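Below, subunit A partners subunit B and then partners subunit C, in two separate complexes.
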Partner chain A sequence: MAPAASAQEVSGEISFAWWGAEARNRAILEVVAAFEEAHPGVKVLPQPTEFARHWDRVTVQAAAGQVPCIPMMQTRYQVRYENLGALLPLDDLIAEGKIDVSTIPEELIEGHRNADGNLYTLPIGLWFETYQYNWTRLEPTGVGEPQNDWTYEDYIEWARQARTELDEGVYPLSQLGTSITQFQMYAQARGEDLFDGVEPGFSEETLADWFRLWATASEERLAPDMAMSAEEPTATPQTYMAQGITLSRTGGDVTASELQAVLNELDGSVVHQAKSPNGNNPLVSGSHTLAISTNCANVDAAAAFIDFWLNDEPAAVRLQSQVGLVPSASLLEAQAADPNSPPTLVDRIEMYTDFADTYGVRIDVWPDNTQHLVNEFRDIYQQVGFGQSSPEDAASQFAEEVRRSLALN
Partner chain B sequence: MTNPAASRSQRSVAAPRRDTWSHIPEGMRPILAHTALISACFVMIYPLLWLTASAFREPAAIFTSPGLWPGEHFTLENFVTGWQGLGFVGFSTFFANSLIVAGLSVVGNVFACALAGYAFARLNFPFRRTLFALMMGTIMLPLHALLIPQYILFSSLGWLDTFLPLVVPKFLATEAFFVFLFVQFFRTIPGELTDAARIDGCGHFQIFWRIFVPLALPAMATTAAFSFIWAWNDFLHPLIYLNSPQNYTVTVGLSLFLDATSESNYGAMFAMSLVSLLPVVGFFLSFQKLLVAGIATTGMK
Partner chain C sequence: MSLSGPNKLARSAWLSDRARESIAAYVFLLPWLIGFVFITLGPILASLALSFTNFSGSLERMQWVGLDNYIRMFTSDRAYWGSVRVTLLYVFVSVPIMLAFALAVAVVLNRGLRFLGIYRTIFYLPSLLGTSVAIAVLWRYVFGQYGLINQLLGLFGIEGFSYIGDPRSALQTIMVLNVWTFGAPMVIFLAGLRQIPAQIYEAATLDGANAWQRFWSITLPSLSPLVLFNGVLSMIGGFQAFTQVYVISDGSGGPAGSTMFYTLLLYQRAFTQLQLGYASAMAWVLLLFIGVVTAVLFLSAKYWVHYGEGR
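What follows is the complex of A and B.
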């Protein structure tokens, strides 16, 4: 194998675009500084912004062939840019040894491969949704702790038991009928999925059952009804669980610490997490990835930068998985062992390692033209929740929308 | 034509409505009216007060303490953190960039739109009406329809990551709204003034400069105020055209505190939002008198 890029002489400028807020930006800039220190001939031009705005910007840049040398990508969005030809296949750079992926499990790498057979992105941070519950307030109701292999049917029974011991205005569950990602967990527990090539990966019957499940949960006051749920803010510190109105919800693994900080102020409740309820299926994980644009004039330096992200231990320790959990097991161990790593990070690493070892990890790359289905799904369930549509009609409507979206590819 | 008998009849029908207030003592009416108005004002200003309180509150307590007084959670840390921006680029840089872009936008719009307005209002040239209609039509063009073609144009000019795409178009009278505003204003200036100036030997530019500009102060103030506010608040264009943090404006800088996929710093965002309101409020207050006059005289509603 050829020498890794980090050992090669690289120079020149490379632009690097990512999204994030203050803490992530600070951590990423530290990695950038460490890279420039390791490669004095290279100047990285940072281009940070916020998540939604990143895609606005990259879309315009892609149309003009002006994508930054290294754009951060994400598994739900990257296929569009891969299919547009805006990103460079990385296979040759890996084969030449310019990017070393040997420390990353092969299934994580292969999970990012495009249907055309090329690998355009490499993961730098894994993220996944967990089931988060307020154990301080649920334990006195006599319920047991949720298990990682539970399905949503198990959670409904669990909530029924908790319901009898809770005050009228408190709900054991959040209203999740609107969540397409949690429907995906429900479908997987039944051996189905969201997508299957150019067809929906789920049956209309399964989706109608999902809608019925949450309509029933509302009727039994296990979860807030649709009128109340429609008013729930989306920002983690403002959610009903953060206000103590609901006692469980699903959210990104990184949001649990944000939720915990708010509950510390509210009543000191402690949040625990379990795997999203897809039964014994692998942990469904998305990832933040790095790619090289086809218009990048300094591919070698860009490859060196990606290699640095994937393999440099001091940089990874400093990063503290602010971009998601690093995919390399050895770097995760180094982060967990670092005395400066916050306990919330160590907990996340232990949780992920446990899920990965027990169930495996499946990288969830969404096909192009499907991102809007998140809102579409929410709107269609709201029609069911407000009694404007039957679960069967809503399921049929959504399945048709999925077919229409996939047919555009 | 008004029928006096009908008017009297309407007044007599309306009279009992006034009587419904008659049981309230005369002295109490203004108190009640003012109480109602102040209550309505409070509802309107509540979000701003909440923003102010949140800027001085510890981030973890922002969404758990609903009151308008930070109390035990009072802190100035949000301002310190927020002002640091990205570390290697402070928020002061974003402020300076916004001031440059907004300032040049004001100069560009006032100068270019006034000239274009004069041309459409007072010059006779072929296809004037058609061109005016075309220009007015550009107001209806959605911003997003132009975004990519403009980006490609500015990219081929080598203007990306500079203030030029944000400022140069302002000097080319591309803001049809302000051109229309000047046209409306200039049409109210009597033609005799132009004739007199012409007899005195003035050409078009001198007529514009010596007669129209001094008279158009309210319209210019209106254009200046709106140009400043719009440029200051513009988010999409700076986001698209400015890539380096050293060139970010305040609006793009503010977005760096929030992110859907990582931990957000709401405290710093609120603190810097509060600070970023000050120039706009200051600009508005400075130009308030002229602004109101401009709105009244240009028919802008």
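What follows is the complex of A and C.
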């Protein structure tokens, strides 16, 4: 194998676009600075923004053939840009040794391969869905901690018990009826899934049950009502759990650290996490990935940049998994052993390892033309929540939308 | 240096003064013309062509689809007619209210108040700020569940609700924001009011006309050209409204599609779903619709707009 890119002479400018909040931006900029120090001839032009704007921007850039040299991608969204021809296949760069992936498990790499046989992205941070709850406020209620093999029916029962012990205006659950990701967990617990080839992977009955479950949760004041939920900010530091309005929420494990940072400032509450409620099914995991755009004029420097992210131990430690858990087992160990790593990060690493051993891991890559279903799902559930549609009609409507979307592929 | 002798003769033989002036004018216009052709006209025509394709960002994969985008828009896009309904409601409710409010305030300010300049500035300010992201963010905090309005209501023991989170009130909240930006038409109305001769009012008063009769028979007809002008501009602005609803609904058009403006749906189809050909078709339908409504307004003008004697 040829020497890795980190050992090669590279120079010139490369643009790098990602999304994130303040803590992640700070950590990423530190890694960028470390890369520039290791490769003095390369200047990285950072283009940070927040999640939704990142995709809007990359979409426009893709249409114009001006995607930044290295766009951060995510497993749920990347297929669109791969199929569009906006990203460069990385297989040759790996074969030439410009990107060293030898420390990353092969099944993880293969999980990112496109149906056309090419590998367009490489994971730099894994995240997994968790159920997050405020243990400091939950403990005095005496209802106990959620368990890793729970389903959403178990959470509703748990919330009913917790509700009676909480102050007025505090809800045990967040309103999750609008979340397609959590519906995916619910469907998996019933042996179904979101997609099954060109058809929905769930039954309309399962979806209608999901809508009813959360309509009931609102009625019983276990979760905020639809109007409150509709105006809940999406950024983790402003969510209702961060404001103390709800006791729990769901999200990627990486957001738990952000949440903990906010609660540290607010009242010092401690956040605990359980596996997302899909029963005994494998942990649903996604990844933040790096790609090289087809319009990138400095591919060698871009390859060196990706290689640096995948293999540089000091950079990985400095990053503290702000983009997710590093995919290399040795770097993950180095992060866990680092005395500067915060306890929440060490917990996440242990949790991931434990869940992966117990339940297995499934990298969740969505088919093309399905990304907008996140918003469609939210809108359709809102119609149920506001009494504009019955659960059955809404379920039928959404299943039809899934079929229509998948038919475009 | 002046030209003389053979040079002067040669120049005269080639170009007349008028032609030289025309050339000079076009040379000065050239930067604008280049900009217009390549930055405005070119993309407009390109979007028309794209509206008949399935363009999704890749020219290699682009295919001609004829009228498919237009047919899909009218027959099978689940959100399309909802966005049309929301946009029409917004335009045809909030624009007349805004104009009426602007005219009423202008009439009050025209009564010779002291500190008129200060009032005019205060009322005009929202027009400058109203479509900004900052004000839209502020709107979220004012009309939210825990917003300023509900805190004030709470002082009187009244429990409010989330005005922007409830589909029964979300659109109205955005309409209020639009009405709040009445300053620009108000300034124009105020300028128009100052042009109406005082003698006409005096004569009407001597003839026994009361305040309402004077307003209805003198003020309103005299201002009708400005009503048309403000109406057309505000209506076009209303159809193109985007920033406020994008920020207030967090880009979702929610809750339950209640603030899904046409422009927001167009944006989602283009930049969230990458259906750029389809979004181009949507843009052209919007353009044509605005053109038709504007034409109707102008055609109706002969029945209600008074341009004075001789018109």
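What we mean here is this: the second predicted complex is superposed on the first by the 344 of 409 C-alpha atoms of A that agree within 3 Å, B and C clash if a C-alpha of one lies under 4 Å from a C-alpha of the other, contacts with A are read in each partner's own complex, and residues count from 1 in each chain.
By definition in this document, contacts are C-beta pairs under 8 Å (C-beta built on N, C-alpha and C of every residue); 3 or more make two chains touch, one makes a residue touch a chain.
The model shown is predicted, which means the values in this text are computed figures rather than measured ones.
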Return first, second, both or neither, reflecting whether A:170 touches subunit B, subunit C, both chains, or no partner chain. neither
Which partner, subunit B or subunit C, is in contact with more residues of subunit A? B
Is A:265 in contact with subunit B, with subunit C, with both, or with neither (first, second, both, neither)? first
Does the superposition put A:382 against subunit B (first), subunit C (second), both, or neither? second
If we overlay the two complexes on their shared chain A, which of subunit B and subunit C does A:85 touch? Say first, second, both or neither. second
Looking at A:127, would you say it contacts subunit B, subunit C, both, or neither? Reply first, second, both or neither. first
Which of subunit B and subunit C A:38 touches, first, second, both or neither: neither
After lining up the shared chain so the two structures overlap, which partner does A:227 touch, if you call subunit B first and subunit C second: first, second, both or neither? second
Is A:21 in contact with subunit B, with subunit C, with both, or with neither (first, second, both, neither)? first
Does the superposition put A:346 against subunit B (first), subunit C (second), both, or neither? neither
Just which bits of subunit A does subunit B share with subunit C as contact spots? 52, 56, 60, 63
Subunit B touches which residues of subunit A in the complex? 15, 17, 19-26, 29, 45-53, 56-57, 60-61, 63-64, 66, 68, 74, 127, 235, 237-238, 242-243, 252, 254, 257-258, 261-262, 264-266, 288, 322-323
Note which residues of subunit B are touching subunit A in the complex, please. 60-65, 81, 86-88, 147-148, 151-152, 155, 160, 236, 239-240, 243-245, 252, 255-266, 268
Under the touch definition given earlier, write down the residues of subunit A that touch subunit C in their complex. 52, 55-56, 59-60, 62-63, 80, 84-86, 226-231, 233-234, 369, 371-372, 375, 378-379, 382-383, 385-386, 388, 397, 401, 404
Subunit C to subunit A touching residues, read off their complex: 56-58, 60-61, 76, 78-79, 140, 144-145, 161-162, 164-167, 250-257, 268, 271-274, 276
